[in-house]
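Chain naming follows the written order as A, B, C and D, and within any one chain the residues start at number 1.
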Amino acid sequence: MMGNDFLFQTLSSWSTSSIEEVASTGPGIRFFQLSVYKDRHVVERLVRRVEWAGFKAITLTVDAQRLGRRENDIKNRFTLPPNLTLKNFEGLDLGKMDKVESSGLASYFAGQIDRTLSLKDMKWLQSITSLPILVKGVLTVEDTRIAIQNGAAGIIVSNHGARQLDFVPATIMVLEEVVKAAQGRVPVFLDGGVRRGTDVFKALALGASGVFIGRPVVFSLAAEGEAGVRKVLQMLREEFELTMALSGCRSLSEITRDHIIARWDAPRL
Amino acid sequence: MMGNDFLFQTLSSWSTSSIEEVASTGPGIRFFQLSVYKDRHVVERLVRRVEWAGFKAITLTVDAQRLGRRENDIKNRFTLPPNLTLKNFEGLDLGKMDKVESSGLASYFAGQIDRTLSLKDMKWLQSITSLPILVKGVLTVEDTRIAIQNGAAGIIVSNHGARQLDFVPATIMVLEEVVKAAQGRVPVFLDGGVRRGTDVFKALALGASGVFIGRPVVFSLAAEGEAGVRKVLQMLREEFELTMALSGCRSLSEITRDHIIARWDAPRL
Amino acid sequence: MMGNDFLFQTLSSWSTSSIEEVASTGPGIRFFQLSVYKDRHVVERLVRRVEWAGFKAITLTVDAQRLGRRENDIKNRFTLPPNLTLKNFEGLDLGKMDKVESSGLASYFAGQIDRTLSLKDMKWLQSITSLPILVKGVLTVEDTRIAIQNGAAGIIVSNHGARQLDFVPATIMVLEEVVKAAQGRVPVFLDGGVRRGTDVFKALALGASGVFIGRPVVFSLAAEGEAGVRKVLQMLREEFELTMALSGCRSLSEITRDHIIARWDAPRL
Amino acid sequence: MMGNDFLFQTLSSWSTSSIEEVASTGPGIRFFQLSVYKDRHVVERLVRRVEWAGFKAITLTVDAQRLGRRENDIKNRFTLPPNLTLKNFEGLDLGKMDKVESSGLASYFAGQIDRTLSLKDMKWLQSITSLPILVKGVLTVEDTRIAIQNGAAGIIVSNHGARQLDFVPATIMVLEEVVKAAQGRVPVFLDGGVRRGTDVFKALALGASGVFIGRPVVFSLAAEGEAGVRKVLQMLREEFELTMALSGCRSLSEITRDHIIARWDAPRL
């Protein structure tokens, strides 16, 4: 994510704008983050729409076959406000979250999402689409190997914003082990905790091919709308470019592991 | 401790309900946590009652032959409130704690408990009962080996809620060394600090066969009575099961050491 | 920096007193900290004035070819107060910083300083002066080697007061690696974080030939003028000498690596 | 320091009761902590009085040939209150500290104490007395070896209450390295930071032959006089004995290195 040429988007299955609405906003590289519904017809229909809309890849979420226990959502009885719906599911009558005693999201999730998700679903997905499939939610060597052996086109190191399981490691702490396990066979991306250009630099130095950001976009959108998002992207771009310059890197390929010090590095003596 | 099938109780010698009252509440697997009184007739009588009441094992407390210096108890002049007695000792006129200038518990303890407790008492205990005897209060390789060599049917890694000796390690920090020392010959349990399902998962990943909880039960009992205890057990069960699911474990046997990262683990690079 | 004989000064290009004014205050060893302007005539003229004024060395700043993102300066719209100018550039009409919407320093910097600074500029500098050139802003083995191979007369381990790039290491943490890389071929100095005589001692024990201080001088100047600066220098001198005495060092050469313990040292067992 | 049989005292040269007054209070094992005055006649006279008063050893302070920069003393213009004098020096007209602009102690120290203290003074001291001489203020392997090679009868690991030099290690952190360097040739003691019986246990487990305490005695004396000191000694004795019992140690010789875990210990796996 540097110039606009380097910018791409991954759209949630549960976006409140539809696949087609997003695609209609103009050119751009888009991935679709697929949630696997119990009803595979729902999934297949999503995949078709994504293909027709020109998305470039599917990111298959493998760390949310069950929803984490999000105690704030339970306490606040979180649900979508009335004016918002899950637009991609409106025609299927799956677009609304009920208001329930605990978390409306948890309730919707338990009702619709397939908790038996496994490698056979990845095989099935590969059988119904030729789009590249990235595996999102990998934190270990083992899962990296399994994903690649089963045809993953890329790995996204993610802990789902640390909302799924308490005590998961920070993604930046396990990125390097995943990169090593991938052995350069597929690109490895990272999300989680990217707030500054220095974070982007660290991820790239540890071997990431790119990073995804969530909250900086959402918060700036809430604060200042489109202008806010432009501002946050501009800030990240400038900070990253400045970090490169001050680290003596003239191009992305000059960013190496030696440009950073990780907690687990031996002293250089 | 998962489903109710996996739930068992260990009852303190100093419970304010008697062995027989507890047994009469219905079926269940019960252990008895034995305090060794100076008067061995008292101990033998306890053991007989435990056997008759259908308890499945004795846990012999080996970290409290002396009571730790509990400064809050001293400052607060802790003693049992008048409406409570040590029910198991009522007939022996040992059921009450006096109100003294310092800790009533410390005073009672110094008067009744045998501070010379040693391996010969374990031998004696084995000679008077055929119940399996677990050793509770182990924190080291050395004590694990001694306990097993002397016939322990199991090990409970415990620091007595950290109330006995300042600076003892947290049980989760020494669990792995005890498990390795046990070499699979007897089960190793853990108590101390278990508050969430993730804690249960960590203990099992480090090799524990199960965990004991104290304060969550006591606090929920105080707050909401039986319903509170049910709630806390339910919470632990659900969180543990969710942790398994999100860690990709379909059964207890699939929980391995590689599912967690301990502070002392080398970087996986 | 011990007795006055050991005291020397490095003057910023952007001082608010001119090279000549500083030189006229009396004898003393002075270095000049050179900022490389886009217009090399400006640079060459500075170098000539520095030579004529009897300065002993040039320190070439290599960590500020771009100005760090100093958010306080941006927020406060930092610029020089009207009564101060960059005296060395008055005749060149480059002495003033404009008042702008963000940081006046950043604006001036972006306009005047050459962001393409590289080794060829060091070569050029060597071609126009015979003054020794120290390289300031080194934090790694790699840059140390490059600097020495290209004729640096000394190394200054500096992170520019940590104002250039977030997450740079503290200079004291990398000093030893730089000293080892220098292999005794040129002296290594340190700046950053020196506040007490114990800090000077630590730097020397890690192999520094000397240290530079900035804020202690500036703060004491602001608080008590010349007397304040004398006081802070006296304090550092006395504390350093006392540290030597209490560490059993009778001369600078008796200060060794064994007189300190660094975080990365193995236990001495 | 366990029962009274294990209790001994070390008296400061600058005590406000004289050597003879202290000796007259009854039997007891006493050491004398010797400060080396510029005037060696003063020192020799102290040594003679100590011998005559039946003291058992001299502890030679080697970390205070210069007084540390004690900023609180400077700020508070510390001096002895008028009703107190350095009783051991009354006849020599050296018993009073002047009230000065900064620290009265620092002023007295600078005037009287020999900052050139070195091994030749230890040799001289050995030549004038047959009392065993312990070296107090050792923190390293190197100084341990030098002290023993030069006839020290014992080592006291001390950082002078951390009042001499900022950043000295805590004594408990270096005790083990000193004990190993001493190779059992002389006893090693520790002072600094001993506040609880657990601290005594840790020091002994790391190889100390005993510990010295200062502030607990001084504070309890200020709070409750003789009864306070008795109380604090009783507390330490009871806590230490309880720590032994709960660690399974029936005698001092059963306290081993394996009874504690130090920060630098490898995991026991």
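Simple rule for what comes next: a contact is a pair of C-beta atoms (placed from the backbone, for glycine too) under 8 Å apart; a residue touches a chain by one contact, two chains touch by 3 or more.
Just so we're clear, the structure is a prediction, and the values are computed from it rather than from any experiment.
Engineer: Determine the set of chains touching chain B that also touch chain D.
Structural biologist: none
Engineer: Same or different for chain A and chain C, when you check if over half of the residue numbers at their contact belong to both copies?
Structural biologist: different
Engineer: Can you work out the whole-Å distance between the CA centroids of chain A and chain C?
Structural biologist: Distance between chain centres: 44 Å.
Engineer: What's the distance between the Cα centroids of chain A and chain D, rounded to whole Å?
Structural biologist: 62
Engineer: Enumerate the residues of chain A that touch no fewer than two other chains.
Structural biologist: Touching at least two other chains: none.
Engineer: Please list, in label order, each pair of chains that touches.
Structural biologist: So the chains that touch one another pair up as A-B, A-C, B-D, C-D.
Engineer: Okay, in this complex, where on chain D does chain C touch?
Structural biologist: 63, 65-66, 68-69, 115, 140-143, 164-167, 169, 176-177, 180, 264
Engineer: Which of the residues in chain C come into contact with chain D in the complex?
Structural biologist: On the chain C side, the touching residues are 196, 198, 202, 238-239, 242-243, 245-248, 258, 261, 267-269.
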